[in-house]
């Protein structure tokens, strides 16, 4: 376990070298945050101060938390491991005495957690200052929120890793990646809260792990979902994470066997 | 960027006289000076954490190159070679001083100049990696407004002399490094430039590819009178291609002259690298200089001049003193040569 | 004239040939860009369906008219100018230096150095949405409506292109923070699909006037629909879309010139 902690710490440190890029990302986040709050708060207003359980305060919290999380979760790109799988360089990684899957994910999660400092917190800061987002006054939602956030970040990187393992069998996984990007952008609740979806789309979304990446952590952290319901969301996240890790482990083993049998 | 109408005049247009100014030192200006550099300096601002430092890459350099010359521009990494070339080509503005390339001010007259010089950056391809070589040539011909007839004649000539017939239809990304470098050189020469600038043209090439490229450049120069300016880390390039060398050190001109005389003995030195069975103190061999030892004396570098001795004789002398497991013969590192030339230049001038 | 354009035509033709050469991955890419457009549309549909009849003064079909206009202009601009947005990356790779060695203006070379035909997938979706919205809305068809439609598409395209050029110019300064330009390139795209009535004041200033995104789709659409527009952005301003496009280009070319000077002078 110490090994993964160190890899995680290294990922955290590398990321700190890209501070200018992080601040640039923050500016883009803030712009999108302002655009999203404009239309979503109008929606709440038109609905008489509440829509799908959101008040102006919790809707603003949704906007700025979702923008703030963008630097930490990965729903767009393939992880570094995918490139190594595609090129066959992963064969070298198998020789090291660490688990290829966990090492790759730990590195990405380290970077993701670091990004909370230059991108996550300031984004929330902008939200509090500019639009007056509501954040819970008790301590418990923050504790549960931190757990949920970490699970969400870990889940996003575990799913990205799983996507990358398709490279063991497919020559070109770009098509798959594009499909993943499109679907996850909508279903994680990045573009609009999942709870605003028409019923049929909501059912589809909840049957996938995507809401557990962003929507659940935001709900728990903003105090929109509390108590036993919040614990249920966290349990669902943990379940999805276990599933994604197990699937990734199986895919990695099968892929490794294929590499060893066919020599890449 | 000046946004004037792109020039459409073909190669037949009368060219401005290369140099109209009288140099400050009173030398008679030669009417066919191709590159003229006067007091040229270039600083960079380098961000080092939060501090901003000024770094002088080129420091008050003055020299010129006459039409038809072949000049080796050598120096250690970071000596200011690429910066100078970028100023000659109009990519960078000098901090101070002037540069005239083909009689033109490179930045102001960039578009005119582009028709008259060719540049090969060893690491930056001007070919389209996903297209066959032939198509890249076609596009470059269009870019330089060559007529179909000019394009055909020149392409045929280059394909033949550079022996590219086998891979004209191959996408650039599938070429070997040697093949790609030949294609790069051809691409830079397609519009018959008066000046060809080569930045590390033979880096990474195998012996045969190097040899081919050098032969071609010698021939191109003889047939078309193309002026060559090349930066290189390879003493072989300098010896076989250049009749004059400029040595830069820390942005300053350290030596300007022929390879004959000053440079030859230094440049012609070979280095025998021997791996010994057991560590030894510095070997002392007649007619050879001990350069350095590695691994506590397991590997030793010995420099010798082929004019006074032979590799066989040096090896024989080494074998008398120690068991030789393996050996390599290398050309001296350009850094060593530069250092020695620099030392000589400073001692002879003082 | 034909001679002047020959270099650009040669490069572009080769780019098109190269992209068509890889048919399967090209098809996947076409599908991919269409899918991206589809999720953007899904966002509009989700929001306006969740609304109580109208949102920001528009109903769903009116909102899709704004979306279709903006999306079509953007995907065309992205196809032809999108790669200018990756300038920082090209500077790092050294490909910008190679452009200096060719006898054409730098910006013209850069713009014509590539064309992303895969964006046609997104364009196709935008055309479908636009036609659907034009048919479903109550539009007084006549020369005025046709002129407005043409005005919106041409000026919208020009404004989005100008944003890409401005991004390129600024990236000469922002070699390690090039994502700054995402704020107005992609933020601007997002803004252009929204009803301007929901904007907070700061956004109205930035995307109504500095980067005139409201002129790409919203204002011309309000004229087409006979709707009044927003505070500070009344519908009649839509007729001034060409002025907005001109302004965007002035800003873009100034940014580009400053960037090139910086590259040759201080940076590098």
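Lettered A, B and C in written order, each chain numbered from 1.
Keep this in mind: contacts are C-beta pairs under 8 Å (C-beta built on N, C-alpha and C of every residue); 3 or more make two chains touch, one makes a residue touch a chain.
Just so we're on the same page, UniProt names per chain: A, C = ABC-2 family transporter protein.
Just so you know, these numbers come straight off a predicted model, no measurement behind them.
For the criterion of most C-beta pairs in contact, the winning chain pair is A-C. Distance from each chain's C-alpha mean to the overall C-alpha mean is smallest for C. Remark: chain B and chain C have CA centroids separated by 44 Å (rounded to whole angstrom). Inter-chain spacing, taken between the CA centroids of chain A and chain C, is 28 Å.
Averaging C-alpha coordinates per chain places the centre of chain A 51 Å away from that of chain B.
The residues of chain B lying in touch with chain C in their complex are 1, 3, 5-8, 44-45, 86, 89-93, 107, 110-112, 114-115, 117-119, 121, 123-126, 128, 130-131, 135, 138-139, 142-145. Chain contact summary for the complex, chain C toward chain A: residues 24-25, 28-29, 31-32, 35-36, 38-40, 42-43, 46-47, 49-52, 54-56, 174, 176-180, 182-184, 186-187, 190-191, 194-195, 197-200, 202-203. Residues of chain C that touch chain B in their complex: 3-4, 6-7, 9-11, 14, 17-18, 21, 93-95, 97-98, 100-107, 256-257, 260-261, 264-266, 268. Contacts from chain A toward chain C in the complex involve residues 18, 20-21, 23-25, 27-28, 30-32, 34-35, 37-43, 46-47, 51-52, 172, 174-175, 178-179, 181-183, 185-186, 191-192, 196-198, 201.
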